[in-house]
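Let me give you the structure first, and then I'll get to my questions.
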Amino acid sequence: MAGIKMDVEALTAFLVRDFPQVCDQFVVERITEEGLILRLVVQDGHLRPGRTVSGPAIFALADVAVYLAILSRLGPVALAVTTNCSIDFMRKPAAGADLLCDVRLLKLGRVLAVADCLIGPAGSTAPVARAALTYSIPPNGPRGVPVTAPGT
Amino acid sequence: MAGIKMDVEALTAFLVRDFPQVCDQFVVERITEEGLILRLVVQDGHLRPGRTVSGPAIFALADVAVYLAILSRLGPVALAVTTNCSIDFMRKPAAGADLLCDVRLLKLGRVLAVADCLIGPAGSTAPVARAALTYSIPPNGPRGVPVTAPGT
Amino acid sequence: MAGIKMDVEALTAFLVRDFPQVCDQFVVERITEEGLILRLVVQDGHLRPGRTVSGPAIFALADVAVYLAILSRLGPVALAVTTNCSIDFMRKPAAGADLLCDVRLLKLGRVLAVADCLIGPAGSTAPVARAALTYSIPPNGPRGVPVTAPGT
Amino acid sequence: MAGIKMDVEALTAFLVRDFPQVCDQFVVERITEEGLILRLVVQDGHLRPGRTVSGPAIFALADVAVYLAILSRLGPVALAVTTNCSIDFMRKPAAGADLLCDVRLLKLGRVLAVADCLIGPAGSTAPVARAALTYSIPPNGPRGVPVTAPGT
């Protein structure tokens, strides 16, 4: 897999700047050999009756985690977009526990990136969900220019 | 396909009672021969940079729409849960336009229900997304009793 | 959707020429407004114990059907490749009955094509399977040259 | 994950007895902590123009591999059926090389089993495909009785 272009600190700064409306929900835990781990800080807005984390909140966790994993290898290029997600909800999340999403980048091609995710509470071997996502990578050129650096 | 057990009015009352936190985002447009049509009333919270509707908001629209389509045929049984969703994001939604989700119930089995969805702005033939969802249907008995109304 | 570049006769000739090992399994039934209909001529090699059509045979039907639907609109360009398929097996196929795959092209983009399929015996309203497939469309240029015409 | 009810030898005997038409295509390489590894012995019938392994052959590999992984943990119960498969084709397989499918069982529930697969040539870190499959597990009782032993 490619080298690391953005570390935890850079990805966190990117989240704060470009996704201010959701950045307080996510914590970049660490970069891994195959991808990264993102934490969903569970809040009332994520919960369904029974205080279980909702499907859309789990989907959003996987979607943001794969996006950040791609950025960690490609650098701060904007505009990669999700083209496909297949997700299996396997177990009911425990009420109120944060969820970790462990991303493996399986392909970082010229046009498409593919990753899979295991999602569950910290320390568990019984995942709540698994997902695979495909992102379309914009070609170099006008659409692929680097995002302006923080502070500019 | 099975007969209609809950109409637009009954489904709307169900949404208000059981999903108060999201019920103002969705309007049950109508029951169709194959399923139903649900509208996402686009709000600021659904938007990403560029004022386009976010992937998680589109996922939530499909998830709620299929749930309501199942209820429309089975009646107000609770506890059907999403087990799988595969979604393709095909085009960028226009800024600020409501999205309609057109559900076709393809199978309403004893254990599993399968439906697909086309999602796009009203009147468009170029869908923004397509999705297929599987719901696990709880067996009859204690888990499958009708939802009691609040206060009863 | 785009106009028709290859009709039933041209698609059949393409199958015979480029897929001689499978062409006797498939019949292009007709071009439809949204895609086309392909028939799987069920043979012993498609059957599993119980004489039901196997999952891989149903997958192959969907895969070939979407490929031909793309060609019907784009003309005989080679090298479109499947990048994703999500398929739900909903009912057991009846023993020995041919299966029809009804393709709807949902997107024919510059880079990706997306289609969905309903698969079942002729005349049935209870589909055996549904599938969605994504094909990667090769860019124009060396990789996208038209397939050589028959006889050359 | 559950203990091992069928080992490599028992699974191989099961393949030979119940899937005589395909058993010469597959070799159970080994049981792993999370599932098992199945080899597709590539034959001419699996190849497409360019001598690359076809999509349906890769699908069949994943489908059989997950089935055997479930049997390895549940024992020789028959009639588990595939209900969903989502597969990403990421790279073109090298001509003529066998493919290994590495299965991880993520859930073995009362009603559904979920597994994911990485597929590629032996020793490679660049997978050809990834897939996730759901199997419906038949309830105990008449449909779930053990498969009769060979010779009975």
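In order of appearance the chains are A, B, C and D, and numbering begins at 1 in each one.
Criterion: a residue touches a chain if its C-beta (ideal position, glycine included) is under 8 Å from a C-beta of that chain, and two chains touch if they have at least 3 such contacts.
Predicted model only: the values in this text are computed from it and were never measured.
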item	value
From the options B-C, A-C or C-D, the pair that copies B-D, where over half of the contact pairs coincide	A-C
More contacts between chains, A-D or A-B	A-B
Between chain C and chain A, distance of the C-alpha-averaged centres to the nearest whole Å	34
CA centroid of chain A to CA centroid of chain B, Å	25
Gap in Å, rounded to a whole number, between the CA centres of chain D and chain A	29
Sites on chain A at which at least two other chains make contact	83-84, 86, 88, 90, 134
Residue ranges of chain C touching chain B (in the complex, touch as defined)	86, 88, 90-91, 106-107, 109, 114, 116, 118, 126-127, 130, 132, 134
Partner chain C, residues of chain A touching it in the complex	83-84, 86, 111-112, 134, 136
For the chain B and chain A complex, residues of the former touching the latter	18-19, 21, 45, 49, 54-57, 59-60, 63, 81-90, 92
